[in-house]
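In the two complexes below, chain A is the common chain; its partner is chain B in one and chain C in the other.
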Partner chain A sequence: MPGITVNNKIGSGRSGYMLVSPYIIFFALFVAYPLIFSFVLVFHHWSIVGPMEFVGLGNFAEMFSDSVYWKSIINTLVFLLIHVPLQVVSALVLAEILNRKIPARAFFRAAFFLPVVVSGVAVTVMWKQLFSTDIGILNQMLGMIGINRVPWITDPAWAMPSIAIMATWKNIGLYVVLFLAGLQSVPRQLYEAAEIDGANTVQKFLFITVPAINPVLVMVLILSTLGGFSLFIEPYVLTGGGPMNSTLSGVLYIYRQAFSFFRMGYAAAIGFTLALIVLTVVMLQRKYVEQEI
Partner chain B sequence: MFSKYYRQFLTIIILCMIFVSGCGRKKEDSDGVHLLYWSSSNPFEIQLGRELVAKWNILHPETLVTIQPLPEGRSGEEVLIIAAAGGTAPDICSNVPPVVVPLLARAKALVPIDQFDGGRDYLSQRIPSQLESNFIASDGKLYQVPWKGNPILVQYNMGILREVGVEKLPETWSEWNNLAEKVSSDLDGDGQYDRWMADLNIISEWRQRLFDFYTFYIAASGGMTLLKNGKIDYDNKHSLEVFEFFAHGFNKQYYAKSIFVGDMFMKSKIAAHITGPWNISHVERFKPEGFEYAFGPIPVPDDYKGDKYTFGDPKSIGIFSTSKHPEAAWDFVKYIISEESDLRLLEICNQLPLRKNLTTDSLFADYFAGNPNMELFAEQVPLTRGFDQNPVLQEVFDSINEQFDACCIHGKREPAEALRLAVKRSRNVLKARGI
Partner chain C sequence: MSGKFGKLILYLVLIAAACTFLYPFVWMLAGTLKPEAEIMTFSPLGSRYSLDSYKLMISKIPIFRSLFNSLLVSIISTVCVLFLCSMTGFALARLKFKGRSAIFAVILFTMVLPFQLTLIPLYVLMVKLGWVDTYAALIVPYTMSPFAILLFRQFFMAIPEELIDAARIDGLSDMGILFRLFWPLSKPALITVGIVHFMGIWNEALWPLIVVRKEEIMTMPQMVTLFAVSGQAEAQIGLQLAAAAVMILPIIIVYLFLQRYFIESMATSGLKG
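What follows is the complex of A and B.
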């Protein structure tokens, strides 16, 4: 074909390397190096300043006997148990509603996405005012209908569910958009055929919509799980990990060890075990939720 | 002619060089000495710093100082440690929390003042003698220049006190609790308290315990701190009594278990605010019409006899060992802590220099005559305590914080058991770190 030539010379490979070199350099500096360095750290005591001290598996030994570490892992799992189902179900229901011809649909689609692009700290500060036990708007509204004040973020039993509600509200827009894209790709003929067969709305949702959007569902599950494991800003700003360590997430504990107590080796060890837990949970999700359609 | 690949390669190299050269942090010293000085990011201290630096640069053109506010971070400790580790620390910083000094000193990131000719004596003449031992490292050296302090006292809403018929400010725990019993109440009749004695910060963070447990412990024990000769020293009746005191208060709802937004003190939702002198200018600026306040000492146990101590919330100046000109940096530090600069610290920032004879020196007389509340704080300065110089002190505080949270705030543990667990964890921390 005139004007198009295929260059098989060695130089073309060099050009390719050059084009990818910015990413390779970026990856080496900001991904590979920190990863390798933190792996080295797990076997050391290091306070950032001063020399490293080799401790072998000492950090892991301490970690397994550290009750606060286990508490932080359990807290993270509790958060996931509340947050992920709540996130998936509420996003799916909202997407289903916004997929229908309702008034001001474009406005609602934009409105639900707004919290996603607002700073996490700003959102948390706003919820801090809503959650305030004695002067918060939520409790004032409950008071109007005769319900006693709820210690949203000041009682160990309430604090993590409250944070899960806030995190769900913050991220729901993103998952609504993903589900909407999935819903819009489901062929209308499937619903028409089901209607002819006498299927009701719930049956159509369960047996057509859910299987058809399974890839999106898996993606939302994985993304919300990863987001849940990285829970940090909300407890950091809202509760500091309290009350009684009930909102101390794994990542917040890593931060506390690293930047409050300057125990980099111990923080790195916790980070690696948390990464292993995340990997296991995500693999299990893919194994049991993902299905061919 | 270069091939196009070499031209591309050359372009990338040049871009990298431009990027790297832009990362330089200090001017070259080819035209004299240049020092980088980090002040606190507090707007008043930035104003003070800029004024002092401008004057210094005119008087000492051979040693030019550039001022930058401390970079933003969750805490000064975090910022300084990371700066020291990354090699981006300034020559001088005037917002060094003494709690982080042992860690920086152990890593040899700070210059000991002892290395300057007459440095130690210079500071001994300045600092109130009772305070000097608060700042000395375990190796006997002084790695910080004690600069200023903010003694913690109790600020009372006099309108509320009058309303409940109390004229005398509480000095003992019984008086405090009697006042709290009268103040803490349900004013609108909805069955829930809406006014309390004080707004203790219930966020579970070690720093918050400085202004409740630690301040009251120092007062109750007549000036004891948490450690003595590197060993846990708070395993005593004073800390147990402080745990009991706060557990009782939370149980009786004298302190709200709430996270407040806004100033509850000026909204008259609380009668007492545990605070430092920085709050005077804030209240003066924002107080509503007719709002009256007064400062009182930290209450002590009823049987307490002796001087009334409190937490001093000190801040120090540090000279970093990465400085190429430590002697010039020391000269600049001496200028910052001179009498004239200290007067400006008072006038601009309403913060107290850690200086002997502060209330009797004629240089400061006019200032205190115009600011009688500040004189009260100044008189308290010699009777303050700061931080034990130990690199794991934050973790010791965290042990206390954990148990204070469980015992005092949430009533889930008995004070004696909570104290036992806090002490046990503190000892384990010291042992595990080989300290």
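What follows is the complex of A and C.
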């Protein structure tokens, strides 16, 4: 760093330590200790009262044959499989439209962003009623155009896709804004030059727009993945993880094991594997998506 | 798309999208005021409007207590983050000391650490500290954030060295430089960190559900969640919607006035995450 020399020589070392000391204490207590303790906890059975019982890799062995655990992983993948494409495509379409001279552009941007700022709990309480099979207004609207009632959150096959739709509705505004920023970074002249060379709309999109928004695309993928593996309050409020565990998420399963069954070691072990999956997926996304395009 | 017709189509898409995002809120707010039997109609119009749902909800759960708790917890932790993280960011950006790059590396490392890993051990720590069912459990673990530190650091690195030299000649201490010179120059960073952190704590539901069981300490997301999933509000849709409305109305009102700051701040946090 340039220029830190002149008056900083005296005292700034001490002052530096003083200023970072709150962080060091914070880190030791709320990051380092839990991190180290998690490596102890995953090898034990513990109900939080009473002694810890060492079980070696017992928790991981149990997890391996625990069909509910695997169900929660599959549920998360189902969620991501619907949520990510839906999110990317619809956010990109809306951003592309907003990236023009259009009246009331600021209003639309603000409108799309509103669900992003409101509480997930409130959004879920609201959607629980919208999703109601017999009397919900979603099914009323479908009924008007002659489509049969959809058992949004009462049918195991529909419940997770419904949560994915709701989560997309809630988050999309953020991605519209991010894509819009990416699109606006493309110089107009590039499109004009391409037009002179005879490129059509699809070619312009593929060879100019997509490379420009690639960093945003990677970020959307990563944030969506993190979101998928953090899913908790939506299934907790909407379905309680049901019907038939079809919306049980990884974090909800941790919560259930820890606070319904008081199995801290097993819950920590589940968290441990989820963290590994998240880190691996995010690293792969960074590597491949960034290189490919 | 070209021509007037194409423009019109695009505009219709935007309007349809805006309705998709806004109408559910209109429907919900109308539903809290309509008679119970009329909530599940598509139209926001009811035969009469009243505050009955709110009155009944207030009689069932201490919603104002949880509103107070939410404000208390969110404000204190946000103020702490602004002070403590700007101090750390300042030291990392502008002061020389041994181990500075190591601390920077540690902060980068904590940013990628998935919370699923430390969730249960952190709860165990709260139990050991005796913080379960106290405000401390809701506030202290949220008094610093790696995102805030990195944002402050980045911002502070761009401030010209001459200003600091001049301030030192005027006899300002490091703390003086941070709070009297850097803070006024860093309003965008302060606003971003303030909004992002406040919203994060205000909306957080999982952590309170884990560390709080006493009704007097509960924040709004937790109170509303438990109300919605317990039998208390069963078959009374108006009550559940009213509870949700109390939680989002303050945010919507603030958002109406500061939407530009909200959008920019949360987009920044997305880019950093």
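In this text, the second predicted complex is superposed on the first by the 281 of 293 C-alpha atoms of A that agree within 3 Å, B and C clash if a C-alpha of one lies under 4 Å from a C-alpha of the other, contacts with A are read in each partner's own complex, and residues count from 1 in each chain.
FYI, a contact is a pair of C-beta atoms (placed from the backbone, for glycine too) under 8 Å apart; a residue touches a chain by one contact, two chains touch by 3 or more.
Quick caveat: nothing in here was measured; it's all calculated off a predicted structure.
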In the superposed arrangement, does A:Val202 touch chain B (first), chain C (second), both or neither? neither
Where does A:Met244 make contact in the superposed view: on chain B (first), on chain C (second), on both, or on neither?
-> first
Is A:Ile145 in contact with chain B, with chain C, with both, or with neither (first, second, both, neither)? neither
- Message: Contact-wise, after the overlay, does A:Tyr33 reach chain B, chain C, both or neither (first, second, both, neither)?
- Response: second
Partner touching more residues of chain A, chain B vs chain C, is chain C
Which superposed partner A:Pro156 touches (first chain B, second chain C, both, neither)
first
- Query: Looking at the overlay, what does A:Leu223 touch: chain B (first), chain C (second), both, or neither?
  - Reply: second
Looking at the overlay, does A:Ala267 come into contact with chain B only (first), chain C only (second), both, or neither? second
In the superposed arrangement, does A:Leu178 touch chain B (first), chain C (second), both or neither?
-> second
Once chain A of both complexes is superposed, is A:Val117 in touch with chain B (first), chain C (second), both, or neither? second
Check: chain A residues flagged as touching chain B and also chain C 11, 14-15, 22, 48, 125, 128-129, 132, 135, 240, 259
Within their complex, chain A touches chain B through residues 11, 14-15, 18, 21-22, 47-50, 62, 68, 125, 128-129, 131-135, 143, 148-149, 151, 153-156, 238-245, 259-262
Note: in the complex, chain B contacts chain A through residues 3, 5, 8-9, 12, 74-75, 78, 81-82, 84-85, 103-104, 106-109, 190-194, 202-206, 208, 256-261, 269, 391-392, 394-395, 398, 402, 405-406, 409-410, 412, 432
Seen from chain C, its contact residues with chain A in the complex are 10-11, 13-14, 17-18, 20-22, 24-25, 27-28, 31, 39-42, 84-85, 87-88, 90-98, 100, 103, 106-107, 110, 112-125, 127, 140-141, 143-144, 149, 157, 161, 165, 168-169, 173-174, 178, 199, 202-203, 205-206, 209-210, 220-221, 224-225, 228-229, 237, 240-241, 243-245, 247-248, 251-252, 255, 259, 262-263, 266-267, 270-271, 273
So, in the complex, the side of chain A touching chain C is made of residues 1-4, 6-8, 11-17, 19-20, 22-24, 26-27, 29-31, 33-35, 37-38, 41, 48, 93-94, 97-98, 100, 102, 107-122, 125-130, 132, 135-137, 140-141, 169, 172-174, 177-178, 181, 219, 222-223, 226, 229-230, 232-233, 236-237, 240, 250-251, 254-255, 258-259, 264, 267-268, 270-272, 274-275, 278-279, 282
